[in-house]
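For reference, the structure is listed below as structure tokens.
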Amino acid sequence: MSTQKWKVTFKVHRQKANNSPNYDEYKLEVDPEEYVLDAVERIWAFHDRSLTFAHACHHSTCGACGMRVNGVEKLTCITFIHEIAKNGSTIKIEPLRNFPVISDLVVDMSTLYSGMEMVGQRPIVPLSEEPAASDIKPVKAKDGDYIRLSDCIECGLCISACPVATTTSGYFGPAILAGARQASINGGAETLKLVDCADGVWRCHSAYECTEVCPSFVEPGKKIMQLRRAVLGSRIKSLFGSRN
Amino acid sequence: MSQPHVIIIGAGFTGVATAHDLALRGLDVTVIERGSMVCGTSGRTHGLLHCGGRYCVKDQESAIECIEENLILRKIVPQVIEPNGGLFVALDEGDIEYSKEWLEGCEACQIPYKQLTHQQVLKLEPYLNPEVKLAYEVPDGTFDPLRLALAFAATAKSNGAKFQLYTDVTELIIDNTGRVTGLKIWDRTKDERRELHADMVVNATGAWAGEIADMAGANVPVRPTPGVMVAYEERFVNRAINRLCKPSDGDIVLPQRRMVVVGTTSFEVEDLDYVPVVDEQVDLMLERGAALIPGIKNAQMRGAYMATRPLIGAGLTGRSVARTFKCFDHKESDDIDGFVTITGGKATTLRQMAEKTSDIVCQKLDVEVECATAETPLLSYRQYYAL
Amino acid sequence: MTTYTNKPSPSNWLKWFDPRHRDTGTWAFILNRITALGLTFYLFLHLIILSQLAQGPDAYDSFLELAKTPIIVIGELLVIVAAIYHGLNGIRIGLTTFSETSNIQKTVFYFFILITVIGSLIFGIRMFTA
Amino acid sequence: MIETKSIQKPDEAAGLWLLKVLLGVLIIIILTIHLIVNHFIGEGALLTWQDVVDYFANPWIVFMEITFLVVVVSHSLIGMRSIILDLNPSKGTMKIVDWVLSIIGVVSTVYGIWLALKIASFSV
């Protein structure tokens, strides 16, 4: 990290209970190679103990610390301050869109979690189904496949970025459809039926903002397209094949 | 309300596991947490599901706890565990020397291990330093910290436990007999202050246990000891890689999602609420991590962070302090009734810490129900939000 | 002051057309939606206007005279631009849906914008020099 | 507190979506033919009432224009329906929307057929 410190103003979204929101400003001395979350945590520790924000793992495996930083969805624990600001600039910190605000920077993502459960997304998967790197062939262990935590960390950034999700709470949203895609790889005929509806895989309008903001290699936009092919494939199959 | 009401302070690993244990025994439980779920030490752990090999030489009590709990967690919460095993690898003469003591330790603690040939180990983990001299396979694992806690919390919730996040404890309410009868709390989501009464208060605040105990005028000899961890953007290994040496800095490399995480260090701090990342320690992790996995040298860093372990003990410092846990009944130590502190330990032993704490709580409340958490599979972590 | 809405709500529909902080794909989406609405409006307007045809040569030809005014011609050109873009974006969506090409969706978008511009220029020049 | 995803929402399953896509493809094909025929082969056609009437004298043209009308109207109405679905309508609202859109579709198709036949009749 560099020794040169920057002076940055953080403009933070505040909202308690059902009061109308406002923005509080905090002037901080930061290291440009600090993460945005470090600064938010310091605002709480040294400036304002009433601030609420969610965080846990601090290395992009838990998905708790998603916020909008200068209007763009970021996983704040891996976003360097120098990526999004300059010395002397203002950084706007807001909660994710398209979820109800609990308070300040905390949103209620229960719809995301229940949707993931509904489509049967598996939190851990065999490595062969979600290879860790595309250029490395997954090595299978003698007695089966390695198991690994799934790519999707359920951070909600994609749903916040999705233009369709801003107007309809019914839409499953990118993360859940990507989860459905993962669940449909081995079997998952039920999942395909579930997403073949107005609020499911056909609601996407290809803005690809989900893929743009995804911090965890899920590429929901791509998964939605794959899911469409899977749904159409199974439709065609049931049309000609086993139609009992 | 027929059942005794227990308030647990802290939604870290011990807090959520104790909430689950007590709720399963039928008690009325409320968890108070000032931040989000596991936002302190627990959320920032390595994520190593210890087999005990790390402690089997110097701290066999901890090692035995680890291997017991490792096997139980694999059964009750497989949903958050990468159960791919681990390796202990020797890289130099010193490591080879240490391996004799280590093997004796494994035998003593009943940690299963299997020696691998040079060829075997490099076939399993091709990115491992080819200079590896000795390698043993052990039943380590990796877990997702937040989701592990959520699975416990979800199950606790399904048994009636309530979780109140973003709520600070501002004061402990103590009656004139010297008994803790509740808390004054500040709900920061609504900016609202009120009182909450309980038959028993459990202080499960880990490294912060001393600060909460201090509110009651009680004493807990907890020694907050932070360590750094650094995540790199490539999953070089599928197993937890441990250096076969006396626990030291940066001697563990773990896979997690598409990353590897290298940890950790050990030092002491005064201010717990914000522990800055120290540059020199990040550099040290790179150097030490690269000794095990040379590829780390050229990997992109993804995140660097600090977690503060709650070590127990007076006199000793850092790594020489035992990693076991301790439950304090403040009636015995400070003549304050209705108040119990649980601290120390490691993530791997969360269930056992909760069991011991719940035993004490139940005994003090005259509740006679056996612990059943070792046999009770946990609900999906997502149920925490659905319930 | 607008009321604060963070939850999904139909009243947020204006946000569909807000490209701030967003990326290429949002432009594709915004243009697709605007052209969709515009072309639908034009379609039904066109159908109504064509009723002039049923009223014989005089009514229609005098209408055609009116249609030669520059404002109407610009309007017609806009319809053509919209149609070209909307059709091409449709191909983009079809392409990425039916083949594994979503990773090049931005390049496809830029390419189609280029074609839209070239097509619009050709039509524009033809229409204004006719 | 938890808002579960409702699965019985107004439906736009694979069928309707696929229809919209296929109609879109048809529009592109017909428009391209239309462009080539009118602007590159028949030089400067359709600039007077008589031009139009002559053009409609060919029964294949009448058929093509009517087909085009049905295709374009259907595509645009399914598209409008899709935009309305983005506004999270209730099942009841969607029923009304479906009726209104269907009526618009039928009326404009009937009107279009009448108009095409009327124009064609002038050349007889």
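As written, the chain order gives the labels A, B, C and D, with residue 1 at the start of each chain.
Convention: a contact is a pair of C-beta atoms (placed from the backbone, for glycine too) under 8 Å apart; a residue touches a chain by one contact, two chains touch by 3 or more.
This one's a predicted model, so the numbers in the text were calculated from it and none came from an experiment.
Counting C-beta pairs in contact, the chain pair with the highest total is A-B.
Chain centroids computed from C-alpha atoms place A closest to the centre of all protein C-alpha atoms shown. Distance from the chain B centre to the chain D centre is 63 Å, each centre being the mean of its Cα atoms.
Our note on geometry: chain A versus chain C, Cα centroid distance of 32 Å, whole angstroms.
One inter-chain figure worth recording: chain C and chain D are separated by 16 Å, centre to centre, where each centre is the mean of the chain's CA atoms.
The distance from the centre of chain A to the centre of chain B, each centre being the mean of the chain's C-alpha atoms, comes to 26 Å.
Within chain A, the positions touching two or more other chains are listed as 110, 114, 167-169, 171, 205.
Shown for chain C are the residues in touch with two or more other chains, namely 8-10, 13, 16, 33, 93, 97.
Contact with two or more other chains is made by residues 385-386 of chain B. Of all residues in chain C, only 4, 6-10, 12-13, 15-16, 20-26, 28-29, 32-33, 92-93, 96-98, 100, 102-103, 105-106 touch chain A in the complex they form. Only residues 8-10, 13, 16, 33, 36-37, 39-40, 43-44, 47, 50-51, 53-54, 56-57, 60-61, 64, 83, 87, 90-91, 93-94, 97, 126, 130 of chain C touch chain D when the two sit together in their complex.
For chain A in complex with chain B, the residues that touch the partner chain are 1, 16-17, 35, 38, 41-42, 44-46, 49-64, 77-78, 102-103, 106, 109-110, 113-114, 116-117, 123-124, 127, 132-133, 139, 141, 146-151, 153, 216-217. By the touch criterion stated above, chain D contacts chain C in their complex at residues 21, 24-25, 27-28, 31, 39, 44, 47-50, 52, 69, 72-73, 76, 79-80, 83, 86-89, 108, 111-112, 115, 118-119. Against chain A, the residues of chain B that register as touching in their complex are 35-39, 42-44, 47, 78-84, 124, 126, 142, 144-147, 166, 168, 188-192, 229, 231, 234-235, 238, 255-259, 261, 273-274, 276-277, 279, 282, 302-305, 380-386.
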